[in-house]
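One chain, chain A, links the two complexes that follow: it is found with chain B in the first and with chain C in the second.
This part shows the complex of A and B:
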């Protein structure tokens, strides 16, 4: 079997010393994490390895002789007796040459195998591959798909184990060469620890800020769940208004972000970061919007156009109804029913317009104060717009409900009476149509009603069609708004940023590049991280929302429209359990 | 000896062929002896029809056709304004009372216990009919205003044809759903096409709507002719069969006569149709019986005749 040695790039030019790392069980591979330099005391090294808290073993020895230094071979061989191992690697490199020389010592069999230059074949020679990796990148990156459970070391494949090994050895890399520790090591941070002041300051400041925010949020949630606000009508209204829904949703988000416990798992951390960044972007866009709207009294102008807009809609509706009451599109309607329905709806519009005119002095003030809530974010502004549209087109919704109910009753009655016409009946127990002998008066009245409903069907159907189309237009508009709110809520901005600017942090796999392939020397490969695809980033890190998705498929929707059932095409999937 | 020779090649007359499948016989599988087609039966269920009996039964069909013709005649009279709706209405009510009296008179003996009850329920039904019809008349009269006249006539014709086809000739008393409903639908269509009162329509619109009284009258007559008359007919047939025959003839004559007063050509056609149905078709039926050639045998599908009387004890 081929032996694979993962060698960090930073140690390519390290002085001679001991190799420390980890053997990956069952895979015949070794991950080299650092090189401990001479001089060292073996006892201190063993103690350090024990105390470091990382799964470390001494893998072997590394020799890169400087000019003038020679004859380390036998010394290195003797070291293997001090650190008893199953396998002992002997790696050496000469200045100026790219390739390594490799030797392996197996303690139990006391056999020395050396891969001498130029000698190939003849007996079982272990083939070895050196895979170079950039230690910092591998440490910071996260391999996808993320395994949420505890992985079984026996069955886990090689690559996650390599990544896991490097990630877990983070404490090992805290010692740099300026520290006065018992051992001197070379690893990626040995030149000096990385850090930035801003990050440190933010880390210090985050704890009290989080505590304060959590306290305020608990106040707010206790206020929201108080008795007054939890009465049935208030709850019903607040579940219908999308602003309230968005508010509750944002509260939940903030609670996630501001929880004082640190995020341990990668998923948790990414979720917190995504929520924080999207919230930040949302609020800044909202503030931009507010500053633009309140400059030059644009909000006043908007309020002044609201009432004329409502008037215009009402006038258009009245014209539509007058057209329906005549002979629309040349269709001949039942005159009496037509007049009744038309006058009924006209009266409704008249009531609605009176109500709007009653409210018109207060509209500007209400809009001014309500518009301030857009400071909380662009999503709030959009939800507000959706709610205002719903309120302004409430009469269209009422008309739709009336028309749909009338049509539904007509269709239902017709289907039942058609069965009576043929002498059949619906058997509820068996869910099928059975024959039935009706009485004379049942037959008579049934036929009369059937005739009436049949001839009135075109009229009711036309009214239903017109109002359904209007309602669908409003629903589409609201749907667009909700979809954009949903998009802002759920899009993982932080993960996208990571993918674009630090693509090695989200890894899908690795790719290998051949560094040195000469006959007689072991193969050298360079392991590069393959970043996650953009679509997978979005899919994996999408914040789950009350996703606004169509409740029915197209076919079910058409069937509902045909039968006259009321449709609510957008359904909000709540994450809370009521 | 016979057994020994049976296993030979040629089947001898010593072994007789039996029509069984579970035994290995020396004959080939498709062998049948001279008893081939012995169980064939020809024209087994053949009925011998007597001409006049068939004519009498066919009279019911002719009677129903003439009923429809009578109804159409009434409508034509009202449409052409020759008959006022109030006259027709009172005539109809009178006929209904007469018919009800006759119906009760012909009731079979031994039913005297239910008399009071059925009379009360009859009164209830009658009041329901009248109130509903009267209540819906204003709605019904403008129902087909927007539909083209030709469409209305076509629907009427189709519905009346369906009524004739689906009519339960064997037992008219519980009226068949489809036939009654089709007739009522046709009558509603016709009722909405009656011309209106000269007083009610303002003369401004081209289509004049019938008044409620026209519609009400039409529907009452439809109920009489299509729903109540078959019940009486059934009673007559049960109690006095010879009267039944006379009644059929009378109805036929009235139909032809009524139609003839308005449209002589139609009367001739109707008379020809009635004659064909009553006299010619039975003749054809009997003549063609001699051409019948049905074969039955053991190859027919098994019919399960369920006799559930053995469950009674």
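This part shows the complex of A and C:
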């Protein structure tokens, strides 16, 4: 197999020294992490490597002789006896060659046999590849798909091992050239450790803020789970109102973010960061909305239009019912049933309007205070809007239920009596249709009822159709609102920002570029990071939500509509626990 | 071997794709076990671009003449521009490259007309073999070069197939050349 040496770009111009890094088992590759410069004491180097806590070995020697310095061939060879290894790499580069170094690889057996010089043998030189990588980027990046378990080092493929090696050697890079340590090294941070004041300040400030927020959240959750609020009616209402659902969901999120323990795994860190950023954006958009709405007393104007809007809807419904009670679209309805149903629904609307008028003095005040809860976020404003719509169109929901139940009963009655008409019966025990012999009077009454129901079917069907359409319109509107709330909740803003501005941190893989080389040198490749595709970012880092997916497929929905079963197209699933 | 690199594009043999349009193949040998193959399709033809633009704008003018609505003209301009940008950035592939590095892996990259490159690298440990397969495409049978990937749990089974040169679709003579080179390298390492 060809020998692959991963060489950091920062060490291209390093002074001569010892190469330290790690051999990757089974792949015939070596990852060079740093160069330890002369002068050093071998004992101290060995002690440092042992104590650093990083899986390191001495890989070989690096020589870049400056002007006037002669080559240190024999010295370098002697070094290999001090650090006994199975394979000893001897890399060198000449100052004059700006592009590239040429690596002379000498493999030394433990018995100190004569080395095979690689100069003339073109075969030896061809069997090594130098892969240059940018150490900082590889250290900070995370290779996807993320393996959550502990990988087996024998079967793991090469690239994750390389990335893992560089990531784990972070403690090695803390020593820079200004430190007075026993060894002097070159790596990506040797010019001085990188840091950002803002990040450090935020790290210091985050602990007390987290503790405070956690304490407040525990207070809030204990309040919510108190006995008064946990009675059956309250629980039922709060599970139906989407504002309460959103509130509980956000509380959970905040608990995740504000937990004082540091996130160690990449997944947890990204989850926390995504939740934090989306919460922040949500709250700022909510505050913007609140400031816009409360500015010119727009909220008052909105409240003043709510009651007239409800009146208008009620009036339109009354006209619709009058139309249905007449001869709608030229169809001839059964007069008596028509009048009964129409009057029933009209009375219902009358009751509803009376209640709305009863509430109208309080509407503005209620809306004013409830609108303040939009400060908690834009998602709350949208959930609130959805809840207000649901409350104001409650009568449409009631009409739909009445119409659906009536139609459902008609259809079931018809199907059962049709079976009787043909002399069959539904066997509940065996869940199939069996033949049955009926008495004459049973047949007589059954046929009569069948005829009655059949001729009443168009009327009930028409009422059912009209109210189902109205209900579907309301459901669509609420569905759009819920989808947008879901989108704001789950979209990974932090991951997208990272992908756009620091694309090397989320890596899908690598890409290689052949660096043009001088004749007689082995192959040099440049390894760049291939960033994750935008669609994969969204898919991997989506925060799981109480998804509002349609419960039934289109076919099942149509079947339910036809039979008159009540449909609840949007079902809230409980929050997924990861 | 004066130069470590060897470039050669086949001047005496012209390659075409499955529709009969001319394409070109360039093979570059960086080292004994590293080779790069580039298949370039025909560039964006200015005649076609002008023909489409004129057709769209002419129909927009006719509609404007009938309806006297200036929004038609601006929307036609916007549609043309957006369509052209989408086509050169997402659809039109300029050249496709296959870089095979022995014992490291295979890199497949497509370069679009706007300069965007989309790259994918497959490690050698995952590659079972590189083969030429037949496929039924509309009413013809075509050949395509593909990489067979190993299933991690069962080394003998093929878990998936990655087809190469999908946009340029070269014919068998071109594929055979690439196949022979690749097999030499796979056999060595």
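In the analysis below, the second predicted complex is superposed on the first by the 543 of 578 C-alpha atoms of A that agree within 3 Å, B and C clash if a C-alpha of one lies under 4 Å from a C-alpha of the other, contacts with A are read in each partner's own complex, and residues count from 1 in each chain.
Criterion: a residue touches a chain if its C-beta (ideal position, glycine included) is under 8 Å from a C-beta of that chain, and two chains touch if they have at least 3 such contacts.
Remember, it's a predicted structure, so these values are computed and weren't measured experimentally.
Asker: After the overlay on chain A, what do you see for chain B versus chain C, clash or fit?
Answerer: They fit side by side.
Asker: Taking the superposition as given, does A:336 touch the first partner, chain B, the second, chain C, both, or neither?
Answerer: After superposing on A, A:336 lies in contact with chain B but is clear of chain C.
Asker: State whether A:2 touches chain B only (first), chain C only (second), both chains, or neither.
Answerer: After superposition on chain A, A:2 lies in contact with chain C alone.
Asker: With chain A at the apex, figure out the C-alpha centre angle toward chain B and chain C and round it to a multiple of 10 degrees.
Answerer: 90
Asker: Taking the superposition as given, does A:422 touch the first partner, chain B, the second, chain C, both, or neither?
Answerer: Once the two structures are laid over each other on A, A:422 reaches chain B alone.
Asker: Applying the document's definition of touch, where does A:447 land relative to chain B and chain C: first, second, both, or neither?
Answerer: After superposing on A, A:447 lies in contact with chain B but is clear of chain C.
Asker: For A:523 in the superposed arrangement: first (chain B), second (chain C), both or neither?
Answerer: In the superposition, A:523 touches chain C alone.
Asker: Is A:235 touching anything from chain B or chain C once the two structures are fitted on A? First, second, both or neither.
Answerer: Touch partners of A:235: none, neither chain B nor chain C.
Asker: May I ask you to decide whether A:514 touches chain B, chain C, both, or neither, giving the answer as first, second, both or neither?
Answerer: A:514 sits against chain C, while chain B stays out of touch.
Asker: By how many Å are the closest C-alpha atoms of chain B and chain C apart after the superposition?
Answerer: 48
Asker: List the residues on chain A that touch chain C in their complex, please.
Answerer: Counting only chain A, the residues touching chain C are 1-2, 4, 28, 126, 129, 131, 155, 157-159, 509-512, 514, 516-523, 525, 530.
Asker: Over in the complex, which chain C residues touch chain A? Could you list them?
Answerer: 1-5, 30-34, 36, 99, 101-104, 107, 109, 119-121, 123, 125-126, 152, 189
Asker: Considering the complex alone, what residue numbers of chain B touch chain A?
Answerer: 125, 128-129, 132-133, 136, 139-140, 142-147, 174-178, 180-181, 184-185, 188-189, 223, 227
Asker: Which part of chain A faces chain B closely enough to touch in the complex?
Answerer: Touch residues, chain A against chain B: 332-336, 420-423, 437-438, 440-441, 443-448, 450-452, 455-456.
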